[in-house]
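Both complexes shown next keep chain A, but they swap its partner, so chain B is in the first and chain C is in the second.
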Partner chain A sequence: MLLQITEPDSPAPPRERKRAAGIDLGTTHSLVASMPQGVATVLTDEKGRVLLPSVVRFGEHGDITVGHEALPWLARDAANTIASVKRLMGRGLTDLGDARQFPYQWAQTTGMVRLKTRVGEKNPVEISAEILKALRWRAEMQLGGALDGVVVTVPAYFDDAQRQATKEAARLAGLNVLRLLNEPTAAAVAYGLDHGAEGVYVVYDLGGGTFDVSVLRLSRGVFEVLATHGDSALGGDDFDHRVFCWILEATGLPPLAAEDVRLLLTVARSAKETLARHETAPVAATLSTGHKVELTLTAEMFTDITRHLVQKTLTPVKRALRDAKLTLEEIKGVVLVGGATRMPQIRQAVAEFFKQPPLVNLNPDEVVALGAAIQANALVGNRGLDSGEDWLLLDVTPLSLGLETMGGLVEKIVPRNAGIPLMRAQEFTTFKDGQTALAIHVVQGEREKVADCRSLARFELRGIPPMVAGAARIRITFQIDADGLLSVSAREQTTGVEASVIVKPSYGLGESEIARMLEESLAHARNDMQARALTETQVEADQLIELTQHALAEDGSLLNDAERAAIDAALEELAQRRQGQELNALRLSLAKTNRATAEFAGRRMDRSVQKALTGKRFDSVVQD
Partner chain B sequence: MTIQLTPSAVKHIQASLSKRGKGIGLRLGVRTSGCSGLAYKIEYADEMRPEDVSFESDGVTVIVDKKSLPYLNGTQLDYRREGLNEGFKFENPNVKSQCGCGESFNV
Partner chain C sequence: MDRKADFFPLFGLPRRYALDETALNESYRALLARVHPDTVVLGDATAKRRAMEDAAYANDAYRILKDPVRRGDYLLQCCGEAPLGTNETLPIEFLSEQLEAREVADEAWRADDYGRLEALQSSLLTAQQQRREALAVLFSGDEMPSEIALAEARQHVLALQFLTRFADDLGEKMDT
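And now, the complex of A and B:
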């Protein structure tokens, strides 16, 4: 094909549909969904798996593994294998509480935390970007080309720093972020649009380690988040832990070795999962001490020992309803999100509390990604292609935003749960005679004192003409864009002097750090290319293995024993090298297999030609 | 790292640029697309960007972004006539395979 010079940035040749995807970047696992045929579907990896464990490992040879392949390293190589990085996004060391609870080595910094790994210091943005890259690669393989845009979901309680960090991670992974979307809102999108239901809904999201509840109003074509609440330290893991404690109590075991704790937690988790479908679950394990554990956990006992955990989820639910000024009777439906909502006692408790059974017809692990995919599809401009209605999406601020005033108090400008995008302004004045400058300190939080809230930004408005105290009129405007990112500006009304700040959340990354990371990604272009070549070759090898095995099963009789042995040997070698990281060896093996099967392919061709010709006269064949 | 232009490519690029009336050179790159993984990009360049590298070949400035460079290193760009068509052809030593139509390729 011969190419012509095109104008820069001229759009790609028109195609019917743009490639958009929704990404649920989760604490324990992440996944990606899209709407390739106008229907939201989750995308699987080459082994058919939907959930990608949110685990990243930095290996000895500079290799980076993500997901299932990184999981086994959690125990063996903890310092270089990072799990639950979402908890670190946009956080400083002081935000973490006791940083020793994590098995990582921390670098001493004042900004966002940095982890010391064998490939140098890594921040949570860079680590999350690796997870996003894996999902991007998966989506591009499945959708057959580069993504035009993605929607990434974040918990409703994420503050500016955490949102900014998520956006930067996506940017670093080479993704075009159309917008960030609150997870409960995404779940409502998945249900609301699929079913065309209107009314007030509650999204009850119990994940591995966090609980969130949101109240949303779906009315003709519009989604509006009325209130959000949650508990960032309550999740399915706590239920495992309860079962674990129950095992200890029931057996009276002495203090356990670390590996036995892990073993029993795994046993506890599988018992929990069994009880989602059965009335009883066996609890059996053999400890490193030779101790045997053999118990049976009934659904009733499980409900009993976890009752207070289930009750604990209802407190934020009540608070959210109060914030939204709603009574139970006004709730039209309850959406369950998160794998932990598969537990029957949760479904029952939710049903009893709301006096109606919850909506469960979408997979609770996938519903957020599906909603994000629907939104991405609309934002990228595919909406007109599907028969969907035109719709808007209103989101809310997770926490109030305000300014520091005299005495270290907070003047709230934007209340929590205000719909976004928004613009709010308020007038302030000077405190002293002849005051020519005003320091503006933007804070986020619900408390009254600045010291108890989170500091987002500071800037100064200078050049105010000297006036008596109280005469200047300074208008301060808060603006939040559709991604939940904030800009604040101040303007003295009589003279028009202005100052403004785009909120660099205190623990966000500076431009220079972003630039450094982008430069690094350029410096790694060669490695990326090799990684790409390897993956492509691996996919090719998989295809060849599958095709050949299929052919052998169908037409194996065409081969004599020696020929068959040669092909089997080539296939075995290929399958083995497919697992390795050696590109050249794999290519050689691929070529060898191709050669070994060439004769076989020829004979199959002959046979099928013969079949087609059998029973036909030569002249009729020619006429065909 | 090099990218070369054949004399006929140089001639055609210079003619195209002067006909267009603006532009500092030719931008080459790769993007993920097509049925076989990657596709070439060939555009007029109006500016150098921070991530760009440039080459001179017989008075023509060729600009390539660093991400694309490894895929294009050693490439010779030719302008030729094939049957009734005329256009640019990449002779790229990095290419391992191409899809049938030649729009996209693999490394």
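And now, the complex of A and C:
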């Protein structure tokens, strides 16, 4: 066993620091960041990659692959390989518009959508949980232990169902969610703290599938969101889709197989990415039918076919400014967030609208996760450990909350852009003599008619004491917490009876579905634990290989040829098994290498002691 | 935090219609820094509930004081007046003036006359400003305004509500 000797004057790692992380669960890719040494930093996988593609594949043998390994299956196994699952969170089939544009098979259901895969029906919450689990492992490997808490980001314009679904996914992945944080707010924190920004800033966040714009006032450590607007179904994916449609038009292709749709979407995306740096992009693919597509897309053409999408982002920008009661002249800077803001036509449109070039001195893919990590670090209680002033986040609820009244109209209870947390009470009465129950329908949105708003939930109040019509006074309290999540309570005022509230979330998961998910996740927990043990052992193997190679370079002369050959052989075998998936074989190899190097470690120790006794400076010895 | 206190002293402000917005913003932020749920994420359920209720109360108070219509409504209620309702009456001259302005707006909208819409918008801003100034005079001292003054104030708050709604509708239309 090799001895690790720490430098005498390096400070002991602070025991009280807790492990916290910020997770950006994105449409196209996801990532995790933390502050292990008091500085926010993105965490990489074993290959040094930051971005984890938000792609999950359910394999033939019940195996689940996430990220880069799942990517190649997008075109080959479209029905079982799910991308952009964020677009499905908290959504019903009717929300999706043309459900056929997705290469999935849908289960017939009225609540949140469910996908038919080879391992059975899967809902977006379960699929997202797989992505979160992968990030959780990554963070726990890098931080050296279980996470105490995380902050997960959501688009500011996410409604209640989408937020609930995200929190549910995090819980299913075994994470302790300290807070759901709005993505533009997270970006503002990372940017603001890093640049010492003061004044009114706009965050323009165009992600893979969502668009948010937030107006914030940054003033001496307080990040106050003045207004937020957006479109939770507009993002970089739509630009890909425009290119896809352009390909279909240009080639006059017949209806395509799911695999070919995926292939062309991938080709479209890479053309879009090429145009961020070049004037033209090749569009080439060979379809499953043998048909060849060979086209060239110019920047001008791309700008042309996506013009209405760029324009579509400006309406929420104008609304946010008006809600914040601000003019263009009062905006100090515009921060661009999200990979899609790399498109030149976006940068140009933003510059033209705000009459100033946007701020691009940050990584638009990483800034949200970094901001979430800073917030997680503070919430988990590490704040006192790090230098830097205290700061505070004040956020708003993006959408108005209302109730259905007579004639299908909406009675607004909470206006959009109200500061959260908030509470609002409303009194109701009974309509008939002896009435003991009341049905209430909660909607979210800005329109006047219930049909044009999003149905959040239906509540049934039961247990109202029988009285004459109009005598009961039922006070219903709506509460939006700091995560932006709604809850409801009710009480009959004259008698003090608490009416029970039965919540039926319109696009949430039913009780039975949650129970099934928990059961399944317990069954999977065994597999998860094995996967986790494998990763842990792989990291251990990497460390041992590195340490031994370092020691061999320093003190190789302590070994004779036979001894050296034995260690080399053990190392080679270990390195080989490190690449495989066999946990037991790897463990064996690890133990073997440890044994093979035990004698060597002893001799190194002896040499250090001898050196120390022959009068060399102590600190230069132990540093070896 | 005393959740029964008057909103003005909660932010260390005098009970006036005219508002020092900078002072309100600053004490709001200082108050939230003390009571926000983020300060008790690791606390027990009681601490969390209290933080939630305190912060919600402060947010509500802030929203009401910041808004020119709600602030007027709140001051009226402080003087024992009924909250603004749906069956309010406004002078017929004001109403017919408003009706006319809305027709002008619709016409300009149909004709795509952006210049006329902007002119209308700025005249609405001036009208709002005048109502706010009148309210600042009516609620300017420590004494309770007379009954006549309160009735006058109510008319101004109602008119302001009318004008604000119109300006918001117009703005929203012009954004799209």
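Just so it is clear, the second predicted complex is superposed on the first by the 372 of 624 C-alpha atoms of A that agree within 3 Å, B and C clash if a C-alpha of one lies under 4 Å from a C-alpha of the other, contacts with A are read in each partner's own complex, and residues count from 1 in each chain.
Here is the rule we use: a residue touches a chain if its C-beta (ideal position, glycine included) is under 8 Å from a C-beta of that chain, and two chains touch if they have at least 3 such contacts.
Not measured: the values here are computed from a predicted model.
Peer 1: So in the superposed three-chain picture, is A:468 touching just chain B, just chain C, both, or none of them (first/second/both/neither)?
Peer 2: neither
Peer 1: Looking at A:605 after the superposition, I want to know if it touches chain B, chain C, both of them or none. Which is it: first, second, both, neither?
Peer 2: Touch status of A:605: no partner.
Peer 1: Classify the contacts of A:144 with the two partner chains as first (chain B alone), second (chain C alone), both, or neither.
Peer 2: In the superposition, A:144 contacts chain B only.
Peer 1: Quick check for you: in the superposed arrangement, does A:284 touch first (chain B), second (chain C), both or neither?
Peer 2: The answer is neither, since A:284 touches no partner chain.
Peer 1: Using the touch definition from the top, say if A:569 reaches chain B (first), chain C (second), both or neither.
Peer 2: Once the two structures are laid over each other on A, A:569 reaches no partner at all.
Peer 1: Which partner does A:421 contact after superposing on A: first (chain B), second (chain C), both, neither?
Peer 2: After superposition on chain A, A:421 lies in contact with chain C alone.
Peer 1: Chain A residues touched by both chain B and chain C?
Peer 2: none
Peer 1: Please name which positions on chain A make contact with chain B in the complex.
Peer 2: 1-10, 12, 140, 144-146, 522, 525-526, 528-529, 532-533, 536
Peer 1: Could you list, by residue number, the parts of chain C that touch chain A in their complex?
Peer 2: The contact residues of chain C facing chain A are 29, 32-33, 36-38, 41-42, 52-53, 55-57, 59-60, 62-63, 168, 171-172, 175-176.
Peer 1: Can you list the chain B residues touching chain A in their complex?
Peer 2: Spelled out, the residues of chain B in touch with chain A are 13, 16, 26-27, 31-35, 37, 40-46, 51, 66-67, 69-71, 80, 82, 85-90, 96, 101-103, 106-107.
Peer 1: Touching residues of chain A toward chain C in the complex: what are they?
Peer 2: 149, 178-179, 219, 222, 224, 315, 318-319, 322, 378-381, 390, 392-394, 418-424, 479, 481-482
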